[in-house]
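Just so it is clear, A, B and C label the chains in written order, and each chain counts residues from 1 on its own.
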Amino acid sequence: MSGATRARPVRPATVASFAVLVVLAAVYLGPLLTVVNVSLQTRQEFSLNPTAIVGQPQLTNFVTAWNKANFPLYLRNSILYTVAATSLYILTAVFVAFPIARRYVRGSGFLFSLFVVALFLPYALIPQFQLMLHLRLYNTPVGYTLLFLVDPIGIVILVNYIRSIPRELDEAAAMDGSGYVRFVMRVIFPLIRPALASVIVLHAIGIWNEYVTPLIYLTKKTYMPITRGLMVFYGQYGNDWTTLAAAILMLTLPIAALFLVLQRWIYAGVLQGSVRG
Amino acid sequence: MKNGRFFVALVLLAALPLCLFAQGKVTLELLIHQNAPLVDYINAFNEKFQKQYPDITVDVSVVKSDELATSTQTRLTANDVDIIDMFGFAQGIQPYMKNADKPNWQTLIEAGLLMDLTGQPFLKYYDPAAIRDAGSFNGKVYEVNTGRYAFTGVFYNKDLFAKYGVKVPTTWGQLVAACDTFKKNGIAPMTAGGKDGWPVLVAGYGILLAEYPDQAALVKGLWNGTIKWNDARSLDMWKKMQVLARDMIEPGASGISFDAAPGRFASGAAAMYPAGSWDAPAIETANPKMNYGYFPMPGSDKAADNKYLAGKYDVGWIVAAKTEKKDAAMKWLAFFSKPENYQAYVNATGIMPTQPTAKLNTVLGREVAPHLANFRLGYELLWVNPKGFGQWAQPNASFFKPFNQWDDARKLADQAQADLDAGLNANR
Amino acid sequence: MRHAFHFGGRGSRFVPYLLLLPGMLLYLLISLGPSLATVFYSFTDASGLIGSPTKFVGLSNYREFLFLGQNARDNAEVLVRTLEFSVLVTVIQTGLGLFVAALLNQRLAATNVFRTVFFMPVILGVTIVGLTWTLFLYPLGGPAQKVLALLGGHSEFLGGPPFQAFLWVTWVQIWANMGVTMIIFLGGLQTIPSELVEASRIDGASGWQSFRHITYPLLTPSLNTNLTLAIIGSLQAWQLLLVMKGVTNGTQVLGLIIYAIAFGRTVQNPTAVAMRQGYGAAASVVLFVLVLIIGMTAQFLMRRRERRVLG
């Protein structure tokens, strides 16, 4: 046995690990720093040497980008769609997951399997499009939100988690005279918080990151979320990297800030989902 | 438990913005493609129009030209748009073509989504041949075409040419020599908007035209098998396209977007810019003092073959058949077509007019005038792919390195023909 | 089989059904229904335009997509590329995620900072990530070009030969999503009692040995989750490709082709191409079969290993 005492000097393995992490962090920060640098350059500086660090940073690009597109609007839309769709979804999802998990409805097993197979179903893009056309919901915020009111994976996660909650709670509450709705809202919701957190986070990230759905369904700029809004801006001003970089940064900063505030929940959510899912 | 109330509040909050989207008077939805001079003109024109008709508002959406076909079809079928800019009807199926996909304007007409404009009063301002060739189907008019552009020419920097004693090349050999001169002096011979793919394709069209001046015959010959992509003439074309892509266009061009290229040319970074004549206003905007010209791409070794210009019918207006604002749409088209407004449009976009009374009195107009008599429709407007054809059966200069994977013209020629044969044979 | 329902009186037996209905109906209407409808659609020549004459064409869409002329080769290329994408993303993303999680699990300084940096792209989204990297790979003197020039090379990066561009986009996909993999592994690592590892180290095992024989087997649930997410996800992920490369030959995967066919965006005919939603539906079914085969095989293999390793 070597070195029985656990000394606290820095081991070479630790230094090496830290060095690797620093290099990786550089790989992760590098592209973003490029954006920062370019956003502070003038067009001439950029066409001469895009990588040169700015000598005199200037903020005109931000003003230009702000004036040319309504980024706060896009950000607001992303938040609204995500929040609205996720909240409505959660509300309906718990009332689907709970009776299935408890077998309070006939055919629970069959219904559950309908959700389990969802991962392996054919791509629904085309009939969904036809559906939206026929429902006259094309290019409407309501229609767009509608597309995100379902998430079968979430149901599976919730059902699995609810099954771990003792059935005696139900019986006890019923005997105390509690109604079904009351019980679910007051007792089940708080108890499944970890699973809820994970479903909320996974679902929200999915909606937040959608690019193709707004590409197909939203043609009015005022309805667009950031994913689409930024690409539309890129289509019109793609030749102007300095302005574009400023636009990218203007969207990155609030998102990063939001993330830093919510990160603990986000990590917890991703984690919980993985354990049960 | 606060959850319930919290959720309800969130839902209500989410519903709020829906109320913000209420409309008052008539709003015409217009869809156009991204082309800076076009977008600028349309915005200015709409202000004039809205002053003239205060109860109509025009809302313009702009998409990149490779998204235009998609937006057009999805928005038309959803009845989400009123007037759309669609390129002149092209790629119509000829009688000798079997098992080819219909072009989108035909499926749109057959679905009853395009409004029949036959007999509208504003049509009288336009050249009947243009209306017939670019906007009609089965005897009815569906599109009002606004003009043509050439796309087999090359913009050139007159000052740089003078500085290095280079004359306008009239043969391929002279062009190659000119490029060498510029390279020796540290000037990029050519630039192109390589990022978006199609600019390099268009850059090569001049070579195709020089090889096959009768583009309609080329299309028919390919379908019949009398012309092949790997016969002697085609091979010559492929070799020249390779020189264009590999040696003439500057390295790094794949980072230049189609609407950044005119600016790059105007800044003097490159001596030449093979592109469509629609870029002329953008060049002038980028550098108003620029001394530029436009010559047909000398794709042939014989000067006599290099006098032609091929091009396309470009922006044309189609109207949604199911629109509820037909009256407003007709007013818009009529106002657009008024000769004084149309002339302003021509001046702003550099388009070759389809109204006989309008004149292209710009630098570009003067450069192009000598070749106008030899103007013909380009291959891309006539060619239809047989089903089952392979991806390499296109006369596309951007197939060559550095833009793609090919660096042997002979091999690409053989592959192109094989890909075409696959489609032709599958359908016999 | 139903369980006894105790809530409320006799009349409230139907309450759970009633409240189940909205969620269930939404799922059937928006997800399950359309998925099944895709199969029916694939047997028609529907254009997708309302009002287009549509007729039943049996298997001819499949014949066209899989066997007609050069389509057989071109679409097979797309299928292969989809698989390449999936394999590269799955293997590298999972490996990298595990590596980073293992590093971070050592409780070095600034763990939180690193974690944030690595997870940020997941939150920033496909457009911001795609455009950021497009700028980074700018061929006219961008940072990547400068680095390459130091080594004496030149590349058009995203604008060059398609396979090269495809590899770049694959890398960005991995870069962007590694954060999720890392978090899941971190969670898994934290469930492994450190006493086990320490005991093995005291017994003389090297870092690598204790990892391989103790940590790695115990990570099987996290590994399986990550693999499942990566495999299924990458088979169907193409948004980043659309943002960074668009619809161009040589870089498409099956999901992108389906979109291009269904919505009238192909390379061959950029301006006059018609929407072909019946044909696109057939391509969707092909993708479905691919996902089914690969997904089920992967699941089977993972379950078998899980049983073997964890007993």
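By definition in this document, a residue touches a chain if its C-beta (ideal position, glycine included) is under 8 Å from a C-beta of that chain, and two chains touch if they have at least 3 such contacts.
Just so it is clear, the structure is predicted and the values come from calculations on it, not from any experiment.
Student: Write down the chain pair with more C-beta contact pairs when A-C is set against A-B.
Tutor: A-C
Student: Which chain wins if you rank chains by how close their C-alpha centre is to the centre of all protein C-alpha atoms?
Tutor: That would be C.
Student: Centroid from C-alpha atoms only, then distance chain B to chain C, rounded to Å. What do you get?
Tutor: Taking the average C-alpha coordinate of chain B and of chain C, the gap between them is 35 Å.
Student: If you average the CA atoms of chain A and of chain C, how far apart do the two points sit, in angstrom?
Tutor: Each chain reduced to its C-alpha mean, chain A and chain C end up 15 Å apart.
Student: Hey, how far is the Cα centre of chain A from the one of chain B, in Å?
Tutor: 38
Student: Among all residues of chain A, which ones touch two or more of the remaining chains?
Tutor: Answer for chain A, listing residues that touch two or more other chains: 129, 133, 216.
Student: Going through chain C residue by residue, note those that touch at least 2 other chains and give them in order.
Tutor: In chain C, residues 48, 50, 138, 140-142, 263 touch at least two other chains, as defined above.
Student: Which chain B residues sit where two or more other chains touch them?
Tutor: If we look for residues of chain B contacting two or more partner chains, we find 67, 74, 77, 256.
Student: Note which residues of chain C are touching chain A in the complex, please.
Tutor: These residues of chain C touch chain A: 1-3, 5-8, 12, 15-17, 19-20, 22-24, 26-27, 29-39, 41, 48, 50, 100, 103-104, 106, 108-109, 113-128, 131-133, 135-136, 138, 140-143, 146, 175, 180, 183-184, 186-188, 202, 204, 207, 221-222, 225-226, 229, 232, 236, 239, 242-243, 255, 258-259, 262-263, 277, 280-281, 284-285, 287-288, 291-292, 295-296.
Student: Give the list of chain B residues in touch with chain A in this complex.
Tutor: 1, 3-4, 7, 10-11, 13-15, 17-18, 21, 34, 39, 59, 61-64, 67, 71, 74-75, 77-78, 80-81, 256-260, 263-264, 267
Student: Could you pull out which chain C residues touch chain B in their complex?
Tutor: Touch residues, chain C against chain B: 47-53, 64, 68-71, 73-74, 138-142, 145, 154, 156-163, 246-250, 263-265, 267-276.
Student: Which bits of chain A are touching chain C when the two form their complex?
Tutor: Residues in contact with chain C: 1, 13-14, 17-18, 20-21, 24-25, 27-32, 34-35, 38, 49-51, 92-93, 95-96, 98-100, 102-106, 108, 111, 114-115, 118-131, 133-134, 146-147, 149-150, 152, 155, 167, 170-171, 173-175, 178-181, 183, 205, 208-212, 215-216, 226-228, 230-231, 234, 241, 244-245, 248, 251-252, 255-256, 258-260, 263, 266-267, 270-271, 274-275, 277.
Student: Using the touch definition from the top, list the residues of chain A that touch chain B in their complex.
Tutor: Per the stated touch rule, the residues are 47, 76-77, 80-81, 83-84, 87-88, 90-91, 129, 133, 138-139, 141-142, 145, 185-186, 189-190, 216, 219-223, 232, 235-236, 238-240.
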